[in-house]
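Below you'll find the structures, each written out as structure tokens.
Okay, so chain A shows up in both of these, paired with chain B first and chain C after.
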Partner chain A sequence: MTNDLMLLMPLIIVGAGAILLMLSSAYQKLTHEMAAYGSALVFAVAFLVQLSACITGNAVLFSGAFNGLLVASSFSKAAGLIILACGFFTAMSSHTYFKQNDFCSPEYYSLMVFAASGMLLLTMAQELITVFIALEIMSLAIYILVGYDRKNVISTEAVLKYLMLGAFAGAFLTMGAAFVYGATGSTKFVKIAQYVAAHGFMQTPALIGGSFFILVAFLFKAAAFPFHAWVVDVYDGASVPVTGYMATGLKTAIFAVFANFLVLDASLQSGWITYLFYIAVFTMFVGNLIAIGQQSLKRMLAASGIVHTGYLLIALVAVSTKDFTGSVIAYYLAAYAASTLGIFCALSYLGGAGEKRSTFDDFKGLAKSRPYSAAAVSVFLLSMAGIPPTAGFMGKFYIITSAIEAGQVTLAVLGIVSSIISMWYYLRLIINMYFCEAEEQFGEAVPSNLAPICTFVLVVCVFAISLYPVVI
Partner chain B sequence: MFADGLFLGFAVLAVLGAAGLVVFRHPMNGAMSFVVTLISLAGLYALLSAKLIFALQLIVYAGAIMSLIVFIIMFLNIQPSDLPKEETKLVYILGGLAVVLPIGLFLAKIVKSLPLSSTAILGNDFGGVKQVGLLLFKDWLVPFEIVSILLLISLIGAVVLAGKKEAVK
Partner chain C sequence: MIHSYLYLSIILFCLGIVGVISRRNVFTVFMSIELMLNAANLAFVAFARVHESMDGHVLAMMVMAVAAAEAALALAVVILLHKHKSKLDTNVFSLLKG
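And then the complex of A and B:
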């Protein structure tokens, strides 16, 4: 009982913190700076509590009262840690970002914490209706954060697109859940697995259709190939810290629930593995093509997010349903989150007022006036490209070796090819920063030290995550 | 037999109402056509002996939510000149039908494979307030509780996105 409470504690802290922030933002005295510190505190405390929880195997939380709908495992714990860290760094970089951009109110931070509570629920949910509600908690909060700048037309367009398409994805998920219920008589993952084990996956059309619609919803949220079109516009329209949060926290939560659903049963996974193979390949290469054509840095990072979804899909294809730990996926997510968050942290103070610097050309000659920041951004870009000794390299290494172990050699080779292509647009920024003459001086003072500090902490994280498997 | 006829009637009405929602040009006509769908759905719930859901569907969806939608359309005061010209509408509808058709056939196949269910009235107070309440608070406590967070977020979202900006510091 106490153990269950401790495992649930991060979620309780985040939920209570969000409600507290919401209530206190009604007071005039609470400035949005204070709200930023408050939300960072909530994330930090929840992170430490999550870290202190030791867990091996699956623990069904409050199996009596909760009817086995929430299950904590080492995978959900790792995903929770990544999500909470993403929240912490996003809160910090938002603090700096809103010194230069003027559309913040304390509710912003409350919504960010609410989104994190949805993400944490999503990592633990083991039942389709709970998954749907957790997904909507997360998505609704993110929609509002995307459209927070109401005077900005691009941001309004982004939120409208995202809301419409996201509603479609939600509808697909409910329809899929209804079909799965029709076939198996339950929406609980355990019961579905029992049914599949007893009756087989391919024998029940309703189950195939249901899981198809559920996968469509997940692939949409994870921005995989046929459903990737919204990503570039939405990431571009959102403010820099929110884009970073979406690219990391949201993706972590989606892949956690995606993996949990897929490893229900071996025949369910093998039924979809061929399609996931092609989706992974197309996601990587289409993402690369989009990223190469971009002039805006945010749009390039959005497209490179699609490519990273492709790598994570490789990990899903290669995942083994027996003794599933999700360590490869969690490790890659951590490595990807550290470098992506880092670059968005850096952009939130380098971007200037109103995000005036946004294209590759705007960052020409950054290394001369801001050598440390340029070095940090280079580390993040190299990590995303997968150059040793960064975390991104180790993450890709694990994914590719796990694909080879699972017999997916073609996929592993294509992953390496895609990763080489992606050097093009990562190195382009580095070349612009180091080998081009400066067109402007980046002279203005940094408005607050929080985002730069976070950027350098994340540089340390990138190396620490890469050393973690070597040390342990 | 009578119940089968009712089912067919409600099902056809529900689909027609949904089609009308998409096809009608003026939002008010669309909203009215949507009411037909909601009421026929209530009929379908009643055929399944889901008494409480039937009542809730009528009161909440066909009643409260529809009147909100109608109010909003009234507030916006849409004139025929405000509506976009939809000259290529027919092409879009036909194209959409062609795209959706395979999915529809697939769905029909799935639905056919589902076991038949009878429309006989179930006893034991099935679908009553007490039964649904017990189920909601015993087996489905987690979803029931986290829905409140979802509603809270939409509340904040409405205030943040639609509220007066001057009041926010």
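And then the complex of A and C:
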């Protein structure tokens, strides 16, 4: 009982923190800087509690009261740690970002914490309606964050697109849950697994249709191939810290629940594996094609997010349903989150007022006036491209080896090819920063030290994550 | 008996999909999405009858609550759009080209 409470504590802290922040936003005296520190504090405390909870083993939370709806496994705990760290760094970089951009109010931070509570719930959910509700808690908060700049017509258009397509995907998830419920008589993962083991997967059409709808919803939220078109626009329309948060925290939560759903039974996974194979391949190459054509840095990072979804899908294809630990997926998510968050942290203070620097050309000659920042951005880009000794290399290494071990050699080779193609657009920014003449001086003072400090902490994280498997 | 309910649910769901894809008015699109969610609710309640358990009813309630929250947000977005463009046609919004 106490153990269960301890495992659920990060979620309780984050949820209570979000409600407290929302209530205290009503006071005039609460400035948005104070709200930023408050949300960062909530994330930090929840992170430490989650870290201390990592010692204990897997457990079904409150199996009596919650009826097995939530399960804490090592995978869900690792995903929770990544999400909370993402929230912390996003709060810090938002603090700096809003010194230069004036559309913030304390509710912004409250919504960020609400989104994190949805994500945490999503990583632990073991029941389809819990998944739906957690997904909507997360998505509703993120929709508002995307459209937070109400005067900006582009961000309004982004939230319209995201809301329309996101609600569409949510409807697919509920319909899928209804069909699965109809076929198996339960929406709990454990019961569904028991049913599939007893009756077989391919013998129940309603189950096939239901799981198809659910996979469509997950693939949409993860921005995989046929459903990737919204990502570039939505990431472009959202403000820089929100984009970073969406690219990392949201993706972590979605892949956690995706993996949990997929491994519930071996025959269910093998039923979808052929399709996931093609989706992974198309996601990687279509993402690369989109990224190569972009001029705007944010759009390039959005498209590269699609490519990284492709790598994570490789890991999902290669996952084994027996003794599933999800360590490869969690490791890659951590490596990806560190480098992506780092870039968005750097952009939130390098971008200037009103995000005036947004294209590749705007960052020409950055290395001359801001050598440390340019070096940090280069480290993040190299990590995303997968160059040793960064975290991204180790993450890709584990994904490729796990694919080969699972017998998916073609997929492993295509993953390497795609990673080589992706160097094109990552190195392009590095070349612009180091080998081009500066068109402007980047003279303005950095408004706050928080985002630069976070950027350098994340550089350390990138190397620390890459050394972690060596040390352990 | 259950089949008629399921057919109705599937027809409603398909109508919703067609509405989202073909209609250009933001309101109609959001209404179509609500239609899809309600199709799922109908399926839940029908299946609950088949399994003779109350689970499906509870789940339908949960979905309704979430759909209401989503509708509230959708209406806020509609007002925001109207402020910017004084029109609710999705074709007007084409600044971002994916």
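Definition applied: the second predicted complex is superposed on the first by the 468 of 472 C-alpha atoms of A that agree within 3 Å, B and C clash if a C-alpha of one lies under 4 Å from a C-alpha of the other, contacts with A are read in each partner's own complex, and residues count from 1 in each chain.
We take it that contacts are C-beta pairs under 8 Å (C-beta built on N, C-alpha and C of every residue); 3 or more make two chains touch, one makes a residue touch a chain.
No experiment lies behind these values; they were computed from the predicted model shown.
On the superposed chain A, the two partners chain B and chain C both fit, without a clash. Angle at chain A (Cα centre) between the Cα centres of chain B and chain C in the superposed arrangement: 10°, in steps of 10. In the superposition on chain A, contact of A:153 is made with chain C only, not with chain B. When the shared chain is aligned, no partner comes close enough to touch A:226: not chain B, not chain C.
Residue contacts after overlaying the shared chain place A:67 against chain B, while chain C stays out of touching range. In the superposition on chain A, A:293 makes contact with neither chain B nor chain C.
By the touch criterion stated above, A:144 is placed in contact with chain B and with chain C alike. Applying the stated contact rule after C-alpha superposition, one finds that A:136 touches each of chain B and chain C. Contact with neither chain B nor chain C is seen for A:407 once the two complexes are overlaid on the shared chain.
Once the two complexes are laid over each other on the shared chain, residue contacts for A:179 go to chain B and to chain C alike.
Of the two partner chains placed by the overlay, only chain C lies in contact with A:170; chain B stays clear of it.
Here chain B and chain C sit at a least CA-CA distance of 5 Å once the structures share a frame through chain A.
129, 133, 136, 140, 143-144, 147, 150, 179, 182 are the residues of chain A that lie in the contact sets of both chain B and chain C, per the superposition on chain A. Chain contact summary for the complex, chain A toward chain C: residues 129, 132-133, 136, 140, 143-144, 147, 150, 153-154, 156-161, 163-164, 167-168, 170-172, 174-175, 177-179, 181-182, 185-187, 229-233, 236-237. On the side of chain C, the complex with chain A involves touching residues 6, 9, 13, 16, 20, 26, 29-30, 33, 36-37, 39-41, 43-44, 46-47, 50-51, 53, 55-56, 59, 62-63, 66, 69-70, 73-74, 77, 80-81, 84-85, 90, 93, 95-98. Those residues of chain A lying in contact with chain B across their complex are 15, 19, 22, 28, 31-32, 65-67, 69-70, 105-108, 110-111, 114, 117-118, 121, 127, 129-130, 133-134, 136-137, 140-141, 143-144, 147-148, 150, 179, 182-183, 204-206, 208-209.
Only residues 106-107, 109-111, 113-114, 138-143, 146-147, 149-150, 152-154, 156-157, 159-161, 165, 168-169 of chain B touch chain A when the two sit together in their complex.
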